[in-house]
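You will see two complexes here that share chain A, one where it goes with chain B and one where it goes with chain C.
Let's turn to the complex of A and B:
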């Protein structure tokens, strides 16, 4: 349902375009599948908060099953879904949330406010010139996962 | 002998406090003022962002209290249709104060602000968020003020009970046009138990007899019990005039006290914009009556202003444009130019931080997008293999290096794929025995 409210990208040039055309705003790219349960929960939160953060952030969904998107799946080292990657002025923004992977947010959020806090922290850090920010959420609200190197 | 004090004999209380502080610094808490989760502990209240947010919320609360203080100084009855509008959110107690069944405006809010619980909550809030303990009294109602307000309310009640003749006042459920329905509904007024307000005027309720504007006066029609004897009736020749009259009446009754009609529109609860009484009605000069003494018997405190002697000036009712629209073309041009300059200036003042991430790229891209919109340049066709700089998970080094590594990996992957495709030829399985037999037979054929 929420995939109707947010743009869903399935081609590489669409992803390239949105990365290049989002200027002075945080770009939130959710990589996942619209049929997955965790993705659905995250999509619900994203669609509900998209209007509130529209002044400083843009949200888009990327379908990982699309053929052209596989290059991004490999480039961004996406092994778990949903994975959310943040960009600012075509620069990748990292976030240290105490997990093994600082390059993306893996999993969903507990509430809309948590997501808004994360995006706001990224925006504030980006406006100050920081490429990596620390997560404002308490550790119990950050989803845990195990990162394996090439399935080893 | 005095007992020896060992080095390890530390007092327990400060240790616990230090431990608590350490624990609290690491834990996240939610700041109600900033609406933010933070792990800064007690230090958060000294941060400039928190102070700004606190100042803004306290200023907003002050504004609302300013309206409430008006009602505190001038107690007035509350109509049930306005009770839903008369609400207040108490910032310190986190409580919504409704006035659903209260007889006077803001009575629940006033009692709450005078309560001890509210005072304690103010102190707790200011201690927690650092607002300055000297401002406690500005957020509450003192006992003296409360007593004064209660006395005012009692006087109002007494005045209401004393006025028992005839028209007590229109009930809110009836039509707003009381001038014509006053006589017919007289009995209903008396029987109706929903009298929510009363007029301080002890005699019967009368329509608005004169306006603040000298050019137009509404004199009441012949209604039984009114004291408008000797005044010429108003002939409503236009629908607008009739509406005006009714609007004026509504205004007066909403106030409950005609003495407040000196332009203090802020006190109208739910009647904002409707109670504009001061209109210039230059073409009604013929209907001015000199019975001002009788008509304005109640409105003696109002000052009359004189209309400009320009004949019949254009106004809202004649359909003329407002004066601020009457500008020459040059003036308009200068305005537009000024607007452009202002936009540029504002654009400069709203300049984003030049040290932000990707600032140079953003400026360049913004210019390109604007030029593309205007059609000056054709949209650039980007390389299909373009990739953004990305700090990969398993690569070390800079982002450019990780991107180059990925591109090298991709090329290798494609090469390997091509090789494997070319070398792949599906052949039937031939066992070793069959292979030997085939070679022997081939050898014999060759000899022969």
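Let's turn to the complex of A and C:
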């Protein structure tokens, strides 16, 4: 478990603080549980790349089992974990990866480089002033999920 | 040869006079063993047969004086209190300086005697000199073996390491030597005795110097050790002289001169002198030796300066400096800190470095917009352009081929670089600035239902490249200068 390298947030205050305080850097917030397998895989990639992108991105983990965080869970409509949400200077950055949901990234990444590419694209778009960017990854690398609606 | 002998005679006569004089005085000097031969130099020219013509040190007055004093001082024991304010006046100090010089002389003398013994013993056992290199060991072995042919009867234990003893025994069984004559043997054994005596004397001198160094230069001896300190002081010519030297000179005190021409200098060591024998230096790994030597020289110069002014007679400064040196050498040997992976640079923060130059320009020409395309891109006002499929369909031709333009054919544009090159050759093709095929004519059928001729001289160049001047003609020359 390498999440001791990444700060884990469980209070609303902390999440607010980190969104406000990250200046001119992409903020990557992973919503998930630290016991879930997919979350673990994503966490591993996040922690390995955290030093490399430290000049233009910050990473933090948010535990969705905390009560204070449910506000955010409802606001961002997080149903599948892990969900990763990107911010830049307190603006929520959207990414069009070919899936239905542009507001977050669901699932893990295939490799560290994929993650770094995504973060770089978001950074470039944000520096240009865009609020939505398109995903640089080819469609086979994007995890697709089928949303089952009430056992249909 | 007779004249040569005469000149040698003349030289030796002077010597023999001195020695005759010394002989009288020798009787007065106490407790130095004298050679049984004890006689005057030979009249014959440098007779190598006799030991004394070669080795004269033990006869000299100087040698005997100094040895006498050393003996006395050693017997007297240490004398701490007697140091005056000025160091140089102290008689013991002077003695130390003399002792240093003497120990050097003794070493030379030992080498000379070693050569002598070797030459004599070569008849008996030639291989021994290549097996035993050290002069004193050689002398001891020769003395032990004597005239013996069978080495199993000789016990060399304790003189040499057993491996070498074994090699010697084996070589002796197959040696090509013959036993020496009685006279030769006696001379050889005498020479061995003399060498061993000199060795003992040298040890005495060094012991004395070491014991005294602690009082004369405590700080310096604390750093490099008393033997090396004594040598340094001796070579420098005194403690104040040593203190006045810059550290780079101290480093080189006692350094052997460079190897002779003809021998390769590839293996020659960097320049270190007596400091090489210091304990600190010996214990540093070879890769750090140059740096350590420089450091050692610097600190020992400081210590010598403290000693020359008698600033610290307890030697504490010296010990502190030694600690410092030790710590620094340890620090050098530390492994470097582990490398951390470098974070990636911020995207787009570093502007791309654009290159320029001739190569880039030539490459860009391949994709540059040609004159033809430029003409096709523009249109005249009020005049419909022709198009490839006619009637406005297809690609438009713009100003290409319009009536009234100066050019009838738009030829392949010449690259700017080629234009520059072409200027060098003064011949410009008449009328056209580019390569035209041989089948072109100045006639053209235009849509005006007529034939248009073009004046090849006219500069109907609608575009006019920026670099070509429109005032001065490219082809014309000065009117008054004759063209060759």
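The rule is simple: the second predicted complex is superposed on the first by the 146 of 152 C-alpha atoms of A that agree within 3 Å, B and C clash if a C-alpha of one lies under 4 Å from a C-alpha of the other, contacts with A are read in each partner's own complex, and residues count from 1 in each chain.
What we mean here is this: a contact is a pair of C-beta atoms (placed from the backbone, for glycine too) under 8 Å apart; a residue touches a chain by one contact, two chains touch by 3 or more.
Everything numeric here is computed off the predicted structure, so don't read it as measured data.
Of the two partners chain B and chain C, more residues of chain A are touched by B. In the superposition on chain A, contact of A:117 is made with chain B only, not with chain C. With both structures placed on the common chain, the touch criterion links A:96 to neither chain B nor chain C.
In the superposed model, A:138 makes contact with chain B only, not with chain C. Judged by the touch definition given at the top, the superposed model places A:127 against both chain B and chain C.
In the superposition on chain A, A:20 makes contact with chain B only, not with chain C.
Once chain A of one complex is fitted onto chain A of the other, the partner contacts of A:88 are limited to chain B, with no touch recorded for chain C.
Look at A:71: by the touch rule set out above, it reaches chain B but stays clear of chain C. Contacts of chain A with chain B, set against its contacts with chain C after fitting on chain A, overlap at residues 127.
By the touch rule above, chain B contacts chain A in their complex via residues 27-28, 36-39, 352-353, 355-359, 361-362, 365-366, 369, 382, 384, 386-394, 399, 406, 410. Within the complex, the chain A residues that touch chain C are 51-56, 116, 120, 123-124, 127.
Every residue of chain C that touches chain A in the complex is listed here, in rising order: 340-348. Residue ranges on chain A touching chain B, taken from their complex, read 12-13, 16, 19-21, 23-24, 71, 74-77, 87-94, 101, 103, 117, 126-131, 136-138, 147, 149.
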